[in-house]
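Each of the next two complexes has subunit A plus one more chain, namely subunit B in the first and subunit C in the second.
Moving on to the complex of A and B:
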């Protein structure tokens, strides 16, 4: 029903646009030309650096092309077949999904908690906002170096703190069971500022009257948070979750710099695997095939999200 | 038509702005597209030179380039320094495949088999080289052998840089393990090495040996391969066939290294930086490291000597690689520039005494045989290492900073950490290598 209702106005507006006499007038045509002219620089970049690479990548994924320039020609779907049977590819994909799962949850929940705290009207608000947001401005190399030092098993800050409370040292970046969590801790510290800011802006947009009315009815702070703030933040939460999942799926920099995918491939992300297949393994065709498999996965996740949110809003 | 013709005559302000906007857009697009070529375009006598030497090595290299530029006014070397390892090698491969590489570059000799067969490198012309006074007999036999691939010379080594052992002379003296000549007494068996290390540990109270390996496949491989080759065992990689290795020897080596990492002789959880810091602060008596750390220890003021890693398993051997000059393949060769490159490389080889100050063993024998080099301590004490060096097994995916060393780390680190059995780690490594060998060779 709802789809029928939404398509109905479109149907009526289409002939209206068609019959508009302005569409063929010289002035309108001139405006059209101007419009295209102004869009041209962007369009050229878009076609050259986005559309063409996508097409060329898809073609490349069907070849045995090597980074050294050698091209063994079209080999059909052999690269895809190999990728689907490649345990390392699946493992890297699994690592990426695992990272996405364990990073997205704290990056959303903690960001919300921080925003709610700051929104409570603490003194020196600017200081809180600055402290929570500023790590986001750092380059990934800087963050990775910071944390690599703090995670150092012998000289690092974290093990020093653990030793003070009698906990034995942890091989943060060298224990396969811990390494991914270590990367997540660094990532949360580094990137939470962005989500925090989005939540804070959304919280500040909630009309104060709602809270006033609620407190007149005797609702306490927690009740107000769960019954007013949280529902009002719904759309923001959906947006943050989508953005966060997409950002986490693309993880590469901090992992590559802190662990190079180790120990024993425990933190190797799919983007790193694509990079290695193409640039150190020289197999551009194979690398392109894996990136298209990854692209397919992201597309599925995006479609699932669109489907879920549409259902909710319907 | 008429309307169109009359337009330029009546150009409005808006049209002018529009025209300007489009022009500016297309200009900036044009500039950004040609930007690479523009910046990379060299003047007539400029020779672009890529290398991967940073830190103390980088400063030394810069000084040598300055000297070459001063000595030879007919060309000017313009160096570009890139981070060593994957970033350097991928960029070099891509620049060469794209047809616009630098005129000359430095590569690790063991990486050449990944570049030469793909046509990314040009071979050196020995006649032209002889014109500038560089001949095959000027190089040590192992180094010269390594410079060749399929019967042609693809790399000219500036040095060899083996994995060696530094020892703290003060600590060693207190532990009573110095010989009468003031150098570390000979060690010739694994048990003796463990014993000496424990003696040194008793003096420092911390560790006997500093060896950092965590997260560093190169470090793990360097020590392993040194000990593996000391057994006289072969390590042959042929595409299309499983690796030909001695499994028992390999497992023995891994177990021996693990026995060193007992938190007494050496820490189980040390990385490269920690090991260097520990030796520099006299927290240990021995350091397994590359010769390139010599200047660091001199600066730190540690009383130290250097030697090759003791021959514990019968055959003297040391892992090494060489910084070598290569000629990335030029789509259109400029003869006069190429002559300049030969002259430059000859000049660098002949002046490699200053390179030796950075710890490396010069490849050019006239320098090694000079009295000035003999006076260079402790460098001269391990100059003989050039006769026992072993480069990585030959394959397109091996060599310094390659995936091969990464695969080793992936499977062996847990053995060193005491979490996996040596046999399991080794078998997993071999499984990985055999998978790569079974794949079509991409070069």
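Moving on to the complex of A and C:
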């Protein structure tokens, strides 16, 4: 909101007002030099390590380039044609979308529930924040080691717990029907703290008078939550959902570390497929083409979200 | 702090509202219930840490014995930790992670703050386009860049060097945006006065803007540091030599090397987790503010 206010007038009135007294004096030229001088260090890194790889990746995707350097001639869109006919590519894309769907829902809903509970004026706030947020600080490898151990079929905590309530053991990471859910459980444990903190901060920003007025009108806790908190959290929820979808689409680490994409490719993500096509299949050009298909998908989803939120706020 | 001051006044009207025909005020009972639920969940959330610790403190025989038990038959031992520290590269990897993450954080802060300052405060030609390109780049997913970046690093002969780990990780476009928004709020009068006194841009930036921006700089720094510390995919690709691995990548190699040595696996995972947990205990408030401000400013 504040940016809208500062940038909007700058577009029309501010430059006129500012440069009018000095007209086309050395000041504006000095500003040009200063502006680019301050931007230069970032720009160098930006061009070298973001823009250039984007361009060279696009070019690479049109070649048959391999990791050994052979056959780097332009082959046109052949890589893309091959990718679109590649069942494994579609399968890993499907796995990624499935993971995104079944991870985003709990990561938003449970985070909101936890934040709402903790925000009910509970004692020892720091303790709850510490408990729910600390896993977020772990490296994916640590999380994967923890959970692979708990998912261990004979020695793991999960099956032991199931046995205590009389449920037969589950092959957590080895059953194609269960493996993705096992990864999602680990992911929710690992990353929920971030969304939880965002919700907690947003809840604490809601003016207390709203609740006081509502409680004078006789609204109970549930009523207050649904008619005050939830609507006020709208923008935060939109933001968390967008960030979460974009983050989940990029999933690779914890899946690769826990299942290596197995069993039988049931959990292989699109990022893993990009990685394997390039580094174990040695086909850099093909790998780059899949990267661009993945990027196209992310772009589409992002544009759809921008469009949806625009429409809603308009 | 904010939480306790916010929630306390909220209790008062409810207490005084008892005289009114208030059907369901937020009774202490519901708060007790909420505390119990949250406490149970918090305990559940800590189980992986506890179980990893219990396992790491067992002998390998006890760790692999069924039925599983929290308390080992032959008592707790520090054997697994000792073995991991003696034979492994964990200290080296920790130093690698520390050094590369610190370097990434420092470079990110310097280049992001200065470009954000230029966009926020200096009227120069092309700045709108520059900001537009930086904002647009937020959408580029890092995994898309790994193949061309690998090629680039290979061409530059930087694979298996610290440079390969550091250089591609210093562009954080969202952070430029977050910093720019913060700089926008610093009163222009402060700057105008200094300009009148003949101070240059660089001087204004380093002596006025940066000191006033400490909270947001700390938030960005913590955020970038945690991200760099835990990054896996790029360091996994950019390094092979054991002495150059970062902690997360090193752990991955340990896992395949140790195979079924459960106690040692958990001991190394815990040793790897320790540094950031300690950092969190010291900087809890700043980290939470960092998530709230940098995360919320993402809109």
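By definition in this document, the second predicted complex is superposed on the first by the 290 of 314 C-alpha atoms of A that agree within 3 Å, B and C clash if a C-alpha of one lies under 4 Å from a C-alpha of the other, contacts with A are read in each partner's own complex, and residues count from 1 in each chain.
Note that in this section contacts are C-beta pairs under 8 Å (C-beta built on N, C-alpha and C of every residue); 3 or more make two chains touch, one makes a residue touch a chain.
Nothing here was measured: the structure is a model prediction, and the numbers come from that model.
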By the touch definition at the top of the document, which applies to A:64: first (subunit B), second (subunit C), both, or neither? first
Could you tell me if A:153 is touching subunit B, subunit C, both of them or neither one (first, second, both, neither)? first
Going by the contact rule set out at the top, does A:101 touch subunit B (first), subunit C (second), both, or neither? neither
Quick check for you: in the superposed arrangement, does A:174 touch first (subunit B), second (subunit C), both or neither? first
Have a look at where A:262 lands relative to subunit B and subunit C in the superposition and call it first, second, both or neither. first
In the superposed arrangement, does A:280 touch subunit B (first), subunit C (second), both or neither? first
After lining up the shared chain so the two structures overlap, which partner does A:45 touch, if you call subunit B first and subunit C second: first, second, both or neither? both
Comparing subunit B and subunit C in the superposed model, the one touching more of subunit A is C
Between subunit B (first) and subunit C (second), which, if any, makes contact with A:81: first, second, both or neither? neither
Overlap of the subunit B and subunit C footprints on subunit A, residue-wise? 34, 37-38, 41, 45, 152, 154-155, 279
Touching residues of subunit C toward subunit A in the complex: what are they? 2-4, 6-11, 13-14, 17, 20-26, 30-31, 34-35, 37-38, 41-43, 45-49, 51-52, 55, 63-64, 66-68, 107, 110-112, 114-115, 117-119, 122-127, 130, 134, 137, 139-152, 167-168, 170-171, 176, 181, 184-185, 201, 205, 226, 229-230, 232-233, 237, 247-249, 251-252, 255, 262, 265-266, 268-269, 272-273, 276-277, 279-280, 284, 288, 291-292, 295-296, 298-299
For the complex, give me every residue of subunit B touching subunit A. 18, 21-22, 25-26, 28-29, 86, 89-90, 93-94, 96-97, 114-115, 118-120, 214-215, 267, 269-271, 273-274, 277, 396-397, 402-403, 406, 409-411, 413-414, 417, 439-440, 442-443
Can you list the subunit A residues touching subunit B in their complex? 34, 37-38, 40-41, 44-45, 64, 66-70, 72, 152-155, 169, 171, 173-174, 176, 259-260, 262-265, 276, 279-283
Per the contact definition, I'd like the list of subunit A residues that touch subunit C in the complex. 2-3, 6, 14-15, 18-19, 28, 31-39, 41-43, 45-46, 48-50, 52-54, 56-57, 60, 114, 117-123, 125-135, 137-142, 145-147, 149-150, 152, 154-157, 160, 189, 194, 197-198, 201-202, 204, 208, 211-212, 215-216, 218, 220-221, 224, 235-236, 239, 243, 246, 249-250, 252-253, 257, 271, 274-275, 278-279, 284, 287-288, 291-292, 294-295, 298-299, 302
